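Multiple structures are listed underneath, in structure tokens.
Both complexes below contain chain A, partnered by chain B and then by chain C.
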Partner chain A sequence: MPRLKFPAPPIPPAFQPKPKRPGTGNGKVKPADQAAEAGIHVVDWIDERTSLSGGLRWLMFRKVPRGTNWFYTLGSATLFAFLSQAVTGVFLAMFYDPSATHAYESVRYITNEAFLGQFVRGMHRWGSTVMVILVFLHMARTFFFGAYKYPRELNWVIGVVLLILTMTMAFTGYLLPFDQRSYWATIVGVNINGTGPLIGPYLSDFLRAGPEFGALTLSRFYSIHMLLVPGLIAALIGAHLYLVAKLGTTAPPWIEAEEDPAAELHKAEV
Partner chain B sequence: MFPPRSILGRHHPIPPVSSERKEPKSKYTADRGIPGAFEGETVTRRRLMTGTVHGLGALAAGAFALPALGFALGPVFKRQKFQWQSIGNVADFNQTDYTPRVITIVSGIGEAGKSTTYVRLRNPSIDTEPEDQYNRVIAISTRCNHLGCPVRFTEAAGKFICPCHGGVYDFRGVREGGPPVRPLDRFYTRIENGQVQVGPRYSVNSNLKRFSPRDPGEPVDGIGQYLYPSRFSTPQK
Partner chain C sequence: MNQREKERYLRDYAILKSQGKPFFPYAVAKDSAMAALVLAVIITLSIVLGAELGPKADPTTTTYVPRPEWYFFFLFEVLRVVRPPEFVPFATIGVPTLCMILLFLLPFYDRSPERRPERRPIATAAGIITIAAMAYLTYMGANAGSPNAVDMKPPSSLTGAALTQWNAGRLVVGQSGCLACHRIGENGNDGPGPQLTHVASRLPAAAIAQTLRNPTAPMPSFQSLADSQPEKFRNLVAFLGQLR
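Take a look at the complex of A and B:
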């Protein structure tokens, strides 16, 4: 008997285990049944040692409010854009060389010679724009649906940090192909940072790792782009989704609140 | 020091409020109902252990975080070298027109470390700033002082023009139109045995007074020189 028990109410009937009809299988165990049994056994083994199933159930089988619509998928769409960037980025890093003298050549190699290189680079390049657009659309959804209000303010704040980090990814990644466009765009971008009074000049020295765009600038941008910021984004997405699961999502503003039957009962008692 | 109820959880009994309020509190954690209490553990011992563990944790975290931070911030505090490079004979340049020269701003990174400078000899009839040993030859930087695009000297107009946002500078590099915030930067120059040598960059205000090199977009007139202070990286002789 598998120990893993699924919760009864929220599971659609199609997913609920059906008892075997008597008389079928006439006592013989088919390989398919054995394979299913083995799979369940493995899952059970892990679950017995981690109790993960409770957490997964908590995360996945949530009630959503009436009126939930396609706009609620924009957050998940952003998440998938991020995952796509992460995966394609890891593979681009296998060919990319963040040195001022080799970067352009390595990107040229990826685009023109590596197998599927142009495709993977294209995914990453266009995907970055897609992710930025999706973040803004998702932000607009939560804004217009009033989803930033109590008790979800913290999720809005985390979202703003995610927005800034996403822009940081776009800015630091833009330099990496190291062609004329990325070089001058980065010069201009760093100089815009420098126009902040008092700390601006030191901030641009920090970004460039010196007073001029130099050998360290590209490697600095590369490490921010592929290690520092993705790590922060992944961690914050975790916190963001924890709060989504914990607090539940908001109903669209045009859905009227229902009378709470418990409150009705209470009124009647009084 | 008693933790707030919310973090105690409901399984930990809250100590009964004694009727005699003056009675001194017990020194044992078990008597006070502190979570995780064990036989004979006193409150001071608990504090000592907690403090030690937190202190060691902070020490261990600092041991990697502080060097990493210093490593990342180091370049901000590094002073650049004051270096000279030769760009040709005095006879190669004249007073009325600019001659472009490619100089190395940062070595070891190929083309990305090179930049163009426009060079001419000092012309007392237009160069009103006081003469000294560093401006007998005038070397204008092509880095636009709006946001750093490369400007080009257009001979027909006798002006420097920026391709990015339409910044225009006159023959001396003083801003004439567009978004730049100060004249074009210059490089120190000197003449050694008939050879013209170019040194580090310096910035100028609209009266062509020298300032330590500032980044583009940072005005040095009036309050600007204080809002955008000189950096630690400024080269020194």
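Take a look at the complex of A and C:
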């Protein structure tokens, strides 16, 4: 049976687990040791069947280039904002009723009566603003650092699709409270789509579920907002992250690569 | 980038990467700190600003002024500024579509190997100009007046009380949401209602008043306005009656 070998974590030596000195413990097995042994056994059992440990080690212990700074946390911050939207969205969906007759009442119930309802709705509402800001900051960092260049062109394209999907989430979510503000803003937005060339009118009809804004429009927006687009976003984030891990994050553009001193010496000798 | 530049980049990157630190725990620690900050900002915004819920959606109101979420203000402003009807599709979809295509294809037309912002003056300047333009449009969109107002100079023949009535009627048109369905001069939408820019040359004032009281669906009736505030109704008819 293959034993799982943990690579030595790159943490300061003072925090690293020390091997037991020989002769301590009187040869008795303590319950804590037994629990640790059982845990390792379970992890081994899973790893023997999935071989996940290699991928995890590849993911977690890959090196990030020298000079990586706080600008490089904007992408993961966007991911975190998306996860926060997903969690708060699940709780809102437990109470929300996507029908034209009950939508407003259910949002009123969430806001005024449900336990922590207004807080969760506020988190979802402001989380969307935070996520849009983070998406733009992340994109600005990528642009100004030239991080979209070879070999990361495809990841830039995926990122632009994610930007469009994020804006689609913002647009479709705006209707759901079904108050005056969201209703009229959405009517205007759908009409703007309709003025587009070629696919414009078809896109508007698709969004409205017909030529007129009707009873089906709200449930269609709800389905796009909580099934279609989040699924696409999650899948594309997966592809985005895979490429980030595979290609590596860029180093800041002003960091120069210095040759290894030994190689320099070797060159001088030649 | 040609093959040589690509290989050079990959070699330099491999050197920088080998001199770096492992993702776990160093990058994970930074990312976690940032995630905690993001969560703190969201919770603070939620507690301080909350989530307001306006009055229930009412498809029969005609006076509501729609406002988008703030990050669509720039698009809203482009729409507000572009008035001639033949340019509106260009502004609403043409410009954003063009920007999206430019954004998508960025790595394919910017192929130079240079990455330092100060050595890519065109790209850096274009990025800063784009950010400045979007910030300006967002600011203008946030401070834009009501899109329901009619910008129009009174006919020079009007003086005194008639001019006052004309101005009052112009305000009533704005408040009544006529522009949602009708175009008056450079304001309003092209449909579903007919253009009102020259309505008085087609209909006398009495006929306009009759249509307001008893319109063709889906236009709402102004009978209730005529009953409750006859002064406003008279001003409205007087204004429309001057649109020749």
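The rule is short, and it goes like this: the second predicted complex is superposed on the first by the 244 of 270 C-alpha atoms of A that agree within 3 Å, B and C clash if a C-alpha of one lies under 4 Å from a C-alpha of the other, contacts with A are read in each partner's own complex, and residues count from 1 in each chain.
The rule is short, and it goes like this: contacts are C-beta pairs under 8 Å (C-beta built on N, C-alpha and C of every residue); 3 or more make two chains touch, one makes a residue touch a chain.
Since we're looking at a predicted model, the values are computed, not measured.
Aligning the shared chain A places chain B and chain C in steric conflict.
Applying the stated contact rule after C-alpha superposition, one finds that A:187 touches each of chain B and chain C. Look at A:153: by the touch rule set out above, it reaches chain C but stays clear of chain B. Looking at the shared chain after the overlay, A:81 reaches chain C, while chain B stays out of its contact range.
Counted by residues of chain A touched, the larger count belongs to C, out of chain B and chain C. In the superposition on chain A, A:122 contacts chain C only, with no contact to chain B. In the superposed model, A:215 makes contact with chain B only, not with chain C.
Contacts of A:111 after superposition: chain C is touched, whereas chain B is not reached.
In the superposition on chain A, contact is made by A:134 with chain C only, not with chain B.
When the two complexes are overlaid on their common chain A, residue A:64 makes contact with chain C while staying clear of chain B.
When the two structures are aligned on the shared chain, A:205 is found in touch with chain B, with no touch to chain C. On chain A, the surface touched by chain B in one complex and the surface touched by chain C in the other have residues 178, 183-184, 187-188, 191-192, 195, 197, 200, 213 in common. By the touch rule above, chain C contacts chain A in their complex via residues 1, 6, 9-13, 15-28, 30-31, 33-35, 37-39, 41-43, 45-47, 49-51, 53-59, 61, 64-72, 75, 79, 88-89, 92-94, 97, 100, 103-104, 106-108, 110-111, 113-117, 120, 123-124, 127, 131, 189. Chain A meets chain C in the complex at residues 9-11, 59-68, 70, 72-74, 76-77, 80-81, 84, 104, 107-108, 111, 118-119, 121-130, 132, 134, 140, 143-153, 156-157, 160, 163-164, 167, 170-171, 174, 177-185, 187-189, 191-193, 195-197, 200, 213, 248, 250-251, 253-255, 257-260.
On the side of chain A, the complex with chain B involves touching residues 100-101, 178, 183-184, 187-188, 190-192, 194-195, 197-198, 200-202, 204-206, 208-216. Residue ranges on chain B touching chain A, taken from their complex, read 72-73, 75-76, 78, 80, 105-106, 108-110, 112-113, 147-150, 164, 213-218, 227-229, 231-234.
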